[in-house]
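You will see chain A twice below: alongside chain B first, and alongside chain C after that.
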Partner chain A sequence: MGFPHRSHPRETPLLSKHFGDVDARTLTGWRQRGGYRALEQALAMEPVAITNIVKESGLRGRGGAGFPTGLKWSFMKPGDGKPHYLACNADESEPGTFKDREIMRWTPHALVEGCAIGAHAIGAETAYIYIRGEFTEPLLRMNEAVREAYADGILGKNAMGTGKRIDVHVHKGAGAYICGEETAMMNSLEGRRGNPRIKPPFPAVAGLFGQPTTINNVETLAAVPHILTNGPEWYKGMSLASPKSSGTKLFSVCGNIQRPGNYEVVMGFPFGEFLRDLCGGPLPGRRFKAIIPGGASVPIQTPEEADGTMMDYEGFIAGGSMLGSGGVIVIDDAQCMVKQIARLARFFAHESCAQCTQCREGTAWTTKILERIEAGQGTMEDLDTLLEIADNMTGKTICVLSDSCATPVVSGIKKFREEFEAHITGKRCPMRAVAA
Partner chain B sequence: MSASGTSGTHMSSPASHAGGHGQGANEAPVFEGARRQELDTLLTRYPTKMAALLPALWIVQAERGWVSERSMTEVAALLGLTPAYVKGVVTFYTMYHQHPVGKYFVQVCTTSPCGVCGAEDVVKAFLRHTGTGDLGTTSADGRFTVIEVECLGACGFATPIMINDEFIESVSAETVPEIIARLP
Partner chain C sequence: MPDTKMISLTIEGRAVTVPEGTSILEAAKTVGILIPHYCYHPALPVAGVCRMCLVDVEKAPKLAPACATAVADGQVISTRTEKALEARKGVLEMLLINHPLDCPICDQSGECELQDYTYQEGRQDSRYREPKRFNPVEDFGGDVVYVPNRCILCTRCVRFMDDVAHDPVLSVSERGDRAVIGKFDGADLTHEWASNVVDLCPVGALLSKDFLNKARAWELDRSASICPNCTQGCNAIIETRDNQVVRMRPRANPDVNAYFMCDTGRLDYRWINRTDRLEQPMMHVNGALAAVDWEPALAAAAAALRGKRAVVLASPMLSNESLFLLSRLGGRGVFRVAQGPEAPLEGVPDLALRADRAANVRGAEEMGFSRTAALSGVGAGDVVVIADDDLEGLDTAALGGATLIVMGTTLPEGIAGRVAVALPTTNFSEEEGTFTNLRGRVQRFMQARAAPGLARPMWYALTDLLALLGQPSAYFIASEVFDALAAAKPSYAGMAYDTLGLRGSPLPAAQAAGRSA
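The block that comes next holds the complex of A and B.
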C-alpha cells in the first residue's frame, strides 16, 4: 500500500498489506494474519525442494543486483559438513530507498519467517540480520520479534518442534553506506572495518567467517513465505511486461512529488502512470526535470524516458537506467541539476571506504570539480575531465561504489549538458539567478 | 568514514575536549556486572570473539555517551584484539563518538532526496535555534551538537532527523523550534 498514504486500487499489496497496522507487529497478530504457516510447511520439506520452488517463482534479489534468488541458494550445498550462514542485508542506505525500513517496522515477523525459511533451504543453522545503526525503530521491532519467536519455540535448537536448529540474531551496524555491499557487510559482521572483499572467492564458497554464506535483501526474504504458501506459478504469473521479472516490487518514492511513500506494484507496471496516478504527479505549478528510478547509483532518466518505461529489471534497462533498489528520486524544475549531481558525488565521496585509489581519489576529485562548476567557477575542460575521471572509476575497483559515483555524473552531463554549460558561461548558477 | 569526511561527524568543539590529553584515563571499566553479562550473551551468538566488537562498542557508547581510548583498550583486552585494531574499527564507522558530544546529538539528513525538499534550511534552523553556530561543535551549555548526516533511509519522510536514538520524520525549518522546545 502507498504507506504513509492509503492504498491505491492499482497497487498489489503483498509485503505492504499490513503497513500501518500495529497489531501485525506482534506474534499473536502475525499468526492471526497467517504468519508462520509457510515456515511450518518449509521445515517439513527437503531444503532442495524449497530452493526449487523459489527458482521456479522467478524471484530475483530486491537489494539492487537482481540476481535470481533460487539460483543463489542452489550454490549452497546442505550437508557438506561445514557451518553455513544466512546474512540478511538490512543495511538499507541507498539514497531514495526506504522500503526495508517499513517491512521491519510494521511486519518484523515476516522477515523472521523469511530468514528461517531461507536458513533451512541453504542448510544454515544461523542467520544474522544486519541492520544499519540509524534504524533505531526497525532495530527495536526486529529485536522484539526475534525475542517473541524464541520464547514461542519458533526459533532455537528445536525450531517449531522439528528438532532442527535455527538461530536468528539481529546485528546493529554503526554508520557506513558501504556495509550494504555484501562482502563489506560480512567484514563488518566479523568485527572488521567495512571494506569490500575481492571476489572470488564468492560468499557461497567462503563468506562469513570463511564459511559458505548466502546474503539476501530484506524484501527478497519477506517475499519467500508468500511464494511457499501460494506456489511458484502464482508468483511467476505476476508479471506485466518481461517474463524475466516476476512478483510484486516495493518502490520507495521521494523528492519533488505530490505523494511520496512506498508503493507495491506488479513487475512491469507502466512508470509514467505510476508517477502520475499513484504518486500524484509533480507539485503544483512544477514539472518533473529528472527521475532517478533505482536509488542514487543508477543512471538518471529524463521524464520522457521515464514515461515510456516498464517497471521491471528489463524495462528500466531499456529505459536507459536500472531497477536497482527501487528507490525513485524525483527532481523538479525548481532544482539545479549541477547542484544535485554534485551533492550525490559528495555522498559517494563521504562513503568511499578509500581502499581503491580510483574510488578514493575519483569521488573526491569529482565532487570538487562539480562544486566548482556549481559555484560558477568551472571551465568547459572540466566537463571533459569529469568524464575522463568517470571512465577511470568504472569497472576498475573492488566494489561498485566507484561506478555508482560515476553513473549520475555521466548520465547527468549527457542529459543535462546545457545546465552545466550555462553555469560555466554565465559564471553563476542560472537557477540562483532566477531566484534572486 | 572516509578520509574526505565532509560532514564533520567527528569534529567537536574545544569545550568538549575539556578532558584534554589522555581523556578518559581515569574511567572505571564499562564491562562489569550487567554489562559484562550482556557481552557474555553476545559472545554466544558468534563463532569468533572479534564478531562481538561492534556490539561491544555499542554497549560502551550507550553507557558512556562516547567511546574513549580507555574503553577501546578495555574492549580490546576482552575480545583478544589490540587497542590499535579496535581504534581502526571505531574510526571507520560514523556513529561511534570519539569525543563527548552534546546531551542532544542532532543529525540532519541532507543527502539529495532531502536536499531537494529543504534539508539545508532545517540544518540552518537547528544551528540557529540550538546556539551551536557551526556543524559538529557543541553549544556552550553542553546541550547540543548538530551535524549533517548522509541518507538516513527515510527519504519519503523528508526531512528525517535523529536526536540521539529518537528518529523524527518530516521535519521542516518551521517545526524546528517546537522540536527543540519539547526536549527536557
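The block that comes next holds the complex of A and C.
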C-alpha cells in the first residue's frame, strides 16, 4: 500500500482530499484542516435536526445497497428506553473495493467524527467500528485516532464538554467476507460465529445485543461532517444525472487499466470518460472486454454498456448492473472470462457461511462446473445447469451472498456465451492457445 | 387466552385461524398440512437455514421460509405452486450432491426425511458430475457417532446442545461446502441428555452406537410405552424386532418430556429382554419346586395366604393395576427403589432423570405401599409375597421363617428352596397398563412384545387369587382393573382408562395443584 495518485482535475476530492497527506492523520493536523467543527456543531443540535439535514442531503448508503441514510437513522425511535448502537461497517471485503481502507489509512479522524455525529443523531452512546481482519494499517490508524480523540475529550463521557456520552470502540474482525453483511457483523461483534440473521427483526428493531442498531458504511459516515458543514443543499446539488443520487462517490479501480486507484467523482459522472480520461484507458495494445463496476457481486458490463452509463445508483441499473460498493474491476481482451468468473465463484464458495443449503452447496457446485469448463472438460448442458443452479441460488436464502455468486455467472454466460462455448467445443481454453 | 390476537389466513385453500406470532409452518400443521422442512423443530430456536420450507405467499415477490415467517391477516399461502415446488426440488438436489447415497448401509434408512422428501418431491436424477466431498466418520463420545458425509447441516444438534441441554459442545466448523458439525476440543457428547441429537437428526448423520447396524427401520414393531427407568415417566416408543426390544425412543408429550428422553433411560432396555425368566407356575411338591399348571399353583398360593398376615414386597416397576390388586391382599405393603443421581435437562422445565429409578413409585405410594430399604418385622407365621422384587441386596435372613410366595418375572436367587409357590408374570413391555409419574400423571403403556411361557400379567393372576380368597373380582382386561381402582382409591376418583389417551392425565389432586400453580 503506497501513496495515492495525484488527484485528476475532473475529480471532486471531498473525502479523498487529504489522501496521501501524512499530517492529516493526527488530531492536530486534522483540526488544522477543519476537523471536528462539524461534530461541535452537531452536538449543539437536536438529533432529529441532524437526521433531517442528512435526509435532505440525499445521502445514500455507500456500502452497496444505497439505502437513504437519513431515513435509516429516522427508524431509531428516540426515548424508547433502550440503548441504541451505531455500528460502522469497515469490513470492506468486496473484491475490487478498497475505498474505506484509504479513508481509514489517511483520514481516520474523519471516520471518528462521522461516527460521533451518527451516534448522536440516532441517540446512541456507543459506536463500534468493525474493521476487516486483514486491514492491519487501517486498524493501527483507527486505534491511534480513537486514542487521541479520547485523550482530547472529543470522545468519552463528556464529549467535547457537552456532557453527552459518546464511546467509540474499534473491533477487529477475524477475516470473513460474510461479516460485512450487517447481521453477520452484529453476530461477530457479539462474539458469535459470523452468520447472517433472519430479517425481520431488522437491526433498527433488534440489532446488536438485541437493541436498536444502525449500521453505516465508512464512506457514508465520513461524508456526514461535510454535509453538516456545507449544508444539505450543497450536497444535494452535487449530482450530474439522477437527482436521486447526490454527493461524491469514491470508486476503487483495479484490473487491466492504465492508472488503477481510488477516484472520487460527483454522482452521475459519465463512466466511459471516467475509464478513459481519469483512469487512462486500456493497457497499450489492449481493449476492454468486461467491466464489473460495483464489486464482485454486481452484473458484469460489456465495454459498450459501460460507455453509456452514468455513475450513480440509477445509472448503473440502467446500464445493466449496479453501483454496489464502487469497486470497478476492469478485464481486458487478454483475459479468459470463464477463468475470471470461475475465480469470482471460488471466492464466494470459500466465503459462504454454510447456513443456507443453496448457498453452501450451490457456490461450490458452480465453482466446480466453471473450473471444469475452463479446463476444457465442459459440456453444453453444463451451461444450462449453471443457469438453473443460479436461479435456485437467487432470492431464496437468508442473505444475498448466494445471489452475489449467481450474478456474475448469469451475466457472464449471457454476455460472453461464445467464450464458454469455445471452451466446450475446443476442449481447451482458447486464451491459453493464444498465450502458447 | 382472550388477550391474544387471532389471525385468519388461507393455506392451500383452507381457512386457518391461529394466534398472532404463529409461524406459517405451525399454522399449516393445525389444518393437517405438513410443509417439508429439515432445520425447523418445535423444541428448538428457529434457524431458517435449510430453506426447504419455502412457500408461496400471494403478492410477495419472494418465496417465504414457512418456519421463520409469521402469519398475517388475509395471507393466502400455497405450498405447491410451481415456484415453491421448483425451489424445494432445488434444495433437495443440492442436499444430495455431496450425499453418499449409501442408504443400503445407513441406519436411518426407512425413517430418513431426506429419503421421504426426495421420494415425495425431489428430482429423479442428479445433474452433479463432480467428485463428492468426503469426511471421515467421527466418534462424538457418549452414544453418538457422526457421519459427516450424510450431514445436511440443519444444526438441530448444535441448537439442542446450546439451547436445550445448555452444554454447548457442538458447533459448525469451517465454511462453505467444507462445513461440518464440530465438537469442541476435549468435549464429548457425554451429557445425560445428549443422545436426543440422534433423534433430532433428520438424516443418518448422527447415529446411536447402541443401535448401529442392529436393525432396519422397517423391520421394527413399535409400541407406545412409558420409559420405566425413573419416576419422570417419559413417554417412549418401544421398538422390537423378533420380539426383542432393540431401541427405546422418546414420544412427544408436552406435559412430561417434551420431545426428549435421557440416555440412561433409553439405553437401559436390555433387562426387558432377559431370557432367564420364570416361565411356568411352580410349587413345592415333595420337597422340591416343580413346574405345575396355573390352577394348582394358584390354589396353593390361596391356601398359604388364607388366614395369614401377608407382607407384600412389591416392585415399583409394577403397574397401578397390579399394585392395586396386590394391596387388596391385605396386610403390609412395602417397596424398594434403586437410586441414582438426578440429571435435569436445563432447557425444559421439570424434566429430569430422577433419583428414584423406577416408573411407578408414586403409584405404589398411592396404593398404600411404603418405601423401605430393608425388610423387617416379618414373623414366622407370616406370608411374604415377593411381587417382582429380585431381592438383590436384601438380607434374606429378614424373611425369617415366613412362607414365601413369588409373583414375578424371575425367581430370585438363593431362595428357591424356601419358596412355596412361584407365579410367572409379565414385565411392563409384555402387558398393558398404567403408571403414575412423580407429578401424579397417570399414563398408559401398550404391550410391545409377547409374554414368555405361561407368564400372565400380575393383575390377571391376582384376579384369580383374590377370587379364591373369597374377594369378588372378575377382571378380564386391564381397563376393568383400572376402573375398579378409580372407584376404590379417592386419589384416582373420576378417572377412566378410556379417557387417559396416549398422553395420560393427571390425578385430580395433581390437576388442582397444577391449576393453582
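The rule is simple: the second predicted complex is superposed on the first by the 433 of 436 C-alpha atoms of A that agree within 3 Å, B and C clash if a C-alpha of one lies under 4 Å from a C-alpha of the other, contacts with A are read in each partner's own complex, and residues count from 1 in each chain.
FYI, a contact is a pair of C-beta atoms (placed from the backbone, for glycine too) under 8 Å apart; a residue touches a chain by one contact, two chains touch by 3 or more.
For clarity, every value in this text was computed on a predicted model and none was experimentally measured.
Peer 1: Going by the contact rule set out at the top, does A:237 touch chain B (first), chain C (second), both, or neither?
Peer 2: In the superposition, A:237 touches no partner, neither chain B nor chain C.
Peer 1: With both complexes overlaid on chain A, does A:385 touch chain B (first), chain C (second), both or neither?
Peer 2: Second partner only.
Peer 1: Contact-wise, after the overlay, does A:174 reach chain B, chain C, both or neither (first, second, both, neither)?
Peer 2: Only chain B is touched by A:174; chain C is not.
Peer 1: With the two complexes superposed on chain A, say which partner A:255 touches: chain B (first), chain C (second), both, or neither.
Peer 2: So A:255 only meets chain B here.
Peer 1: Could you look at A:340 and tell me whether it touches chain B, chain C, both or neither (first, second, both, neither)?
Peer 2: first
Peer 1: Does chain C touch more residues of chain A than chain B does, or is it the other way round?
Peer 2: B
Peer 1: Kindly classify A:352 by the partners it touches after superposition: chain B alone (first), chain C alone (second), both, or neither?
Peer 2: In the superposition, A:352 touches chain B and chain C alike.
Peer 1: Please work out whether A:136 is in contact with chain B alone, chain C alone, both, or neither, and reply first, second, both or neither.
Peer 2: Only chain B is touched by A:136; chain C is not.
Peer 1: Look at A:372 in the shared chain and tell me whether it touches chain B only, chain C only, both, or neither; answer first, second, both or neither.
Peer 2: second
Peer 1: Tell me which partner A:78 touches in the superposition: chain B (first), chain C (second), both or neither.
Peer 2: neither
Peer 1: Would you mind listing the overlap between the chain B footprint and the chain C footprint on chain A?
Peer 2: 176, 178, 193, 349-354, 360, 363-364
Peer 1: What does chain A use to touch chain C in their complex?
Peer 2: Interface residues on chain A, with respect to chain C: 176, 178, 193, 198, 349-358, 360-365, 368-369, 372, 381-382, 385, 388-389, 391-392, 395-398.
Peer 1: Please output the residues of chain B touching chain A within their complex, sorted ascending.
Peer 2: 1-7, 9, 45-48, 50-55, 57-58, 79, 81, 88-89, 92-96, 107, 110-113, 115-117, 149-158, 162, 165-167
Peer 1: For the complex, which residues does chain A have touching chain B?
Peer 2: The touching residues are 4, 83, 92-98, 101, 132-137, 167, 169, 171-178, 188-194, 209, 252-256, 260-262, 296, 327, 329, 331-332, 335, 340, 343-344, 346-347, 349-354, 360, 363-364, 367.
Peer 1: Enumerate the contact residues on chain C facing chain A in the complex.
Peer 2: Its residues touching chain A are 46-52, 54, 61-63, 65, 68, 86-87, 90-91, 93-95, 97-98, 127-130, 152-153, 155, 171-172, 174-179.
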